[in-house]
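These notes open a run of structures that come right after.
Here come two complexes built around chain A, the first alongside chain B, the second alongside chain C.
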Partner chain A sequence: MVPEQPHVQEVTKGKGAPQGAAPPGKQGSGAKLLPHQIMGLSYYMERLYPGDKVRRFLEIFAAVLQHSNYAQLVDTYARVGAKCANCATSCQIYLATKDPKDIPCYRTNLLLEIYRRHFTFRGVLQSKLTGTVYLTEERIRELAESVYHCTGCRRCSFECPMGMDHGLITHLSRYILAEMDITPKALVVATREQLEGKSGNTSAIPVPALLDTLEFLQDDIKDEKGIDVSFPIDQEGREFVFFPAVSDYLLEAETLKGIAVTFHAAGETDRWTIGTGYFDGINYGLFYSDWCAERIIQKEIGETMRLKGKKILIGECGHASRSAKLFVPTFGGGKDALPVMNIMEVTVDMLRRGKLKLNPDVIKERVTYHDPCNIARTGWIVDQPREILRSFCKNYVDMEPKGAKNYCCGGGGGTVSIDEIRSYRTKVTGKVKADQIRATGAHYVVAPCANCKKQLREVCEDNGLADVEVVGLHDLIYKAIVL
Partner chain B sequence: MPTLELNGKAYVVDEDGFLEDPTVWNEDVAKDFAGIEGITDLTEEHWKMINYLRNYYLQFGIAPMIRKLCKETGFPLNKVYELFPSGPAKGACKLAGLPKPTGCV
Partner chain C sequence: MESFLTFCRGPLLLLAFSVFFLGAARQVALTFVELGRAYRRAGDQAVNLKFIFKRSLGWIIPVNGLRGTRWVYTAASVVFHAGMLLVPLFLAGHIELIRKGVGLAWPSLGPGAADALTLATMAALLALFVLRVASRASRFLSTFQDWFLLALCMAAFLTGYGVAHPLANPLPFTFVYIVHLLSAELLLVLVPFSKLGHVILFPLTRASWEMGWHFVPGAGDRIRIALGKEGEPV
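And then the complex of A and B:
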């Protein structure tokens, strides 16, 4: 039906790698089964817990229930979960596959049933009486497959009559699995570099390379706009310490130039700085591990404190914004924690104060806006970017649905980093988005999120939308700004 | 660690086919790897890209910003894709012996 869907691949014992699991030409002959093939996951897992996996899973689950706030939540959900499937119609993955296993509450129930059968009196009694053990390796595998089918967009949470947040249960399931090393390698490798590597960021950019890039961007602005615009580096006491998705320093020149030029045009370059101690907004912990999330958040807080900055400013990135907004208070002092802002909040404020002049005659093509789930689902950043775009894009159209009820780009929840499942992302999870973009007839799709940009470019490429250009919000500002 | 056998030589690579140890790179590596990237013949333009990437990597320990790569080699992005069908990060970096890019790349 759908190509390369990351479904379970049966292991044929003693017959080498299962068909289609590894791209041709990438393994020597007679290669041993890779961990993900043993588990039947079609994306790569680095290593597999060598002991009793069922016991390990239950031990971790027990520890999480005992030492975190998840216990009450899981217990409540296990009691109220009605499995009514009202959420099905809101899930773009289910709408694309029509597979009952892709219904959000089916996925949630995988974990809740483990809880009911192993952690409640009735469930334990049932197991004792019947002499059975509910959890099996097969069920762990099904859970692992299922939670990485989900893009964590949380659109389903609107539809649940019991108010369950399926995204949160997906997150918890991933957290438990991560503690037994079941996490797509793309996420683990990047996070390890960020927390333990020499560079300290997910794209492994050393400081000299960062400085070279910033110098290049300054020269590039000089070439294109004829003015000197600086990227402030390691300035103490500034209002904002800036953390974009660090991959922007490799991929998104226009976005970064747009941000620098915006501060410059408003005469407020002295409000922000980039720190060379730490400059990465990405926090994959949000996708799979609270423990990693906390340590990454501490790095952001640490760098902001080092530079005596007053606020954490996140660049054009959805998950980076949400993880900081949510977890800086959680792990950084509650009410006294550093405030977190997204760059679009700063830009719209400058616009409202009349500090920015944007030429309405520059962007003639039709423009539409894609809401990154992580900043739009709660209604946090929905109107601000539209206010900016409408102020200078004459031909602006919205997608439908939009804002808090938008559809995900199809690469959320960390799945965009997994190259192995590209066609699943673009043809299944991203299908609805491709249809939406096509319906707008827009040339520019503004997606202020590193994650969404990468995904939408692949979606457009794989769905015959060759004329569409996926850009950041500040890319267009850069084109239209009057200096 | 998977090994890749090309033209009678064995290379230790990661599961995406990137050279495990970037220091073993020489021009023969690029020639041997070209086939798996769907490149039949390495032209002067290919070498310009590969050498630029290689030199930047030796100096800074990472690939350059794509915009910088395009500007300094004079190839627009679509030309880069023409030369290296799987793109600058996956295709060109692989031939230049750089490690696989990580993160949102």
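And then the complex of A and C:
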């Protein structure tokens, strides 16, 4: 075990390859530990619970089992695991590494075994009789590394005859770890700013900067399209209050312009608004903490209510869409909760109603579509984007497999935010995706998700796919729309 | 030997059945209680029953599995499970035993069909074993019980065949019969206590899964209070 320094703040940021964590015990006694070297993990952490970690882990596990709905799940799973290895070949990580420790069932079993040995009659008896404690710091470390290797994409859930959802067990494991501060720094820092920071959003964008950006985008549209298109701000009583991944305001101008122009072209600008009280769709709670998830979702609900909006509209973002779809009913009143829609559902509806004209001669290059796991896995949003793309992209091809059974971009589950593991993401988890993209021969990869876009750009960069352009769906609409 | 056989056929069999049924009932009851509790606490009570049925049926009628990359494994698994269910339940000898015991009876498989099914099941078992050994992934995952249960099933079927065909059986009949009874009884007893639990829980695992995603409002706060982390920042 590395002697840890619980509250080290300085981070020497290493871009690119993961910083090889110093092997336990090899650290000179005077050397200052980098935060990510706490526990020898491949990602940075800010701090670590200073007391007895094994005891703390079990305390947290017990509290989680008592107060949440995971107990029944873990108990059932712990009984039935078939160890059939069906799931192995469905996981893009195992496909790339062929390391048995990357088999989904192995990962899930790390947590299930802790449950069996510490929370079942038989396990406790076994410990008593043999006088051993199963859980060790080494086992906690292995779990912490493993669950941030998994992207929580849930592709493997299709393959398990026993109905194991490894994405859910990964989520639970991360939640338990988070309560003892074992969470990649990137996720915590963003979430802290969102919940407790001055800006109230993950990219720390103050309202004046947001307004500037929107004005800038409006000017851009004027220059490029010659029309005045507005981004409605703080309008009350609109059908939709809009929450993109907030980073889109910094990084995905084309997508946002495309969305505004779509509403404008359909003559339906009065259906939506952006709220200055809260404008971030990102919810990393989905990746590591139910506690954060609930608080974040209340901000979305609160802003929509403040503006007397009727629905929550999420932009091009997979996890933002899924977390809202899942958590708004969960934490916002069940069947009376506000409805949640993804922007592509709105756009496809406009297209079907004949409100959008898209010029089929603009996009000549080959186009393919990447299904973001979070909206495609349940089959929620699979056909809508294809219907839109096929309507104006002559050279559209699909990847194989696709839709609900797509492969993850390799950056799901929040791992895309962890810069330290970039080479792991692009060479290991993203390898299958790179091969898929290469096989399509497409120039445009449409990925309507902030996480997927960042990840896929890095995947293409690191895998010799320099000609590929990763774009949002509304980026292409913006190019082709007839006004 | 003979008296031990009688013991195996009588009290021991009864005991095995009792453990099986009581254990199964306990598991089903507990699971339903837990599912009910999860349902009552869930913030969103819309349960996707279609998902539960679709995902369960998908494995009972494994069309996709048979088309997938592991179709040999799926095929072997289907044959094995079919044999495992049908042979014990519909063999004339077994029904006779039950009729004598509790007075219930139902139509049985003809001797030809029973033999064919038994042989097919054994072949499937062998295939499952070979596949488990041959695949690095499943070899790595397998624990003692995964090997042991395969062997136990094989023992039960092999000796069962021996009992049904005494002439083809080189070993002493009584011995084979006893091994058959013991292995079958052990299988029954192990159902509630091993991964064989899926015999009972299979229809409920998807329900557990679905309810697992139904989070409890306020649970996050309560967990932090329980851990003495109230009011701590993110």
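Quick note on the criterion: the second predicted complex is superposed on the first by the 448 of 483 C-alpha atoms of A that agree within 3 Å, B and C clash if a C-alpha of one lies under 4 Å from a C-alpha of the other, contacts with A are read in each partner's own complex, and residues count from 1 in each chain.
Just so we're on the same page, a residue touches a chain if its C-beta (ideal position, glycine included) is under 8 Å from a C-beta of that chain, and two chains touch if they have at least 3 such contacts.
Please read these numbers as outputs of a predicted model, since none were measured by experiment.
Student: Superpose on chain A as described above, then tell me if chain B and chain C fit or clash.
Tutor: Chain B and chain C fit side by side in the superposed model.
Student: Does chain B (first) or chain C (second) touch A:462, or do both, or does neither?
Tutor: A:462 sits against neither chain B nor chain C.
Student: Could you tell me if A:335 is touching chain B, chain C, both of them or neither one (first, second, both, neither)?
Tutor: After superposing on A, A:335 lies in contact with chain C but is clear of chain B.
Student: According to the stated criteria, A:212 is in contact with first (chain B), second (chain C), both, or neither; which is it?
Tutor: First partner only.
Student: In this superposition, which partner touches a larger number of chain A residues, chain B or chain C?
Tutor: Comparing touch counts on chain A for chain B and chain C gives C.
Student: Centred on chain A, what angle do chain B and chain C make, from Cα centres, as a multiple of 10°?
Tutor: 150
Student: Tell me the contact category for A:202 with respect to chain B and chain C: first, second, both or neither.
Tutor: Touch partner of A:202: chain B, not chain C.
Student: Examine A:398 and indicate which partner it touches, taking first as chain B and second as chain C; both and neither are also allowed.
Tutor: A:398: touches no partner chain.
Student: Looking at A:137 after the superposition, I want to know if it touches chain B, chain C, both of them or none. Which is it: first, second, both, neither?
Tutor: neither
Student: Tell me which partner A:69 touches in the superposition: chain B (first), chain C (second), both or neither.
Tutor: Second partner only, chain C.
Student: For the combined overlay, can you note the least CA distance between chain B and chain C, rounded to whole Å?
Tutor: So the smallest C-alpha to C-alpha spacing between these two chains is 15 Å.
Student: Just to be sure I follow: which residues of chain A are touched by chain B in one complex and then by chain C in the other one?
Tutor: The overlap between the chain B and chain C interfaces on chain A is empty, containing no residue.
Student: Show me the residue ranges of chain C that touch chain A in the complex, using the header's touch definition.
Tutor: Within the complex, chain C contacts chain A at residues 27, 31, 34-35, 37-38, 41-46, 55-56, 59, 68-70, 73, 77, 135-138, 140-143, 146, 195, 197-198, 201-202, 204-206, 208-209, 211-224, 226-227, 229, 233-234.
Student: Across the complex, what residues on chain A touch chain B?
Tutor: Counting only chain A, the residues touching chain B are 22, 25-28, 31, 34, 44, 185-186, 189-190, 193, 199, 201-206, 208-209, 212-213, 216-217, 220, 245-247, 249-251, 253-254, 282, 416-417, 419, 450-451, 454.
Student: Can you name the residues of chain A that touch chain C in the complex?
Tutor: 59-60, 63-64, 66-73, 75-77, 79-86, 88-89, 94, 98, 100, 103, 105-106, 109, 159, 161-165, 168, 179, 188, 191-192, 195-196, 289-295, 326-327, 329-335, 337
Student: Which residues of chain B touch chain A in the complex?
Tutor: Touch list, chain B to chain A: 2-5, 10, 13, 15-17, 36, 60-68, 71, 89-90, 99, 101-105.
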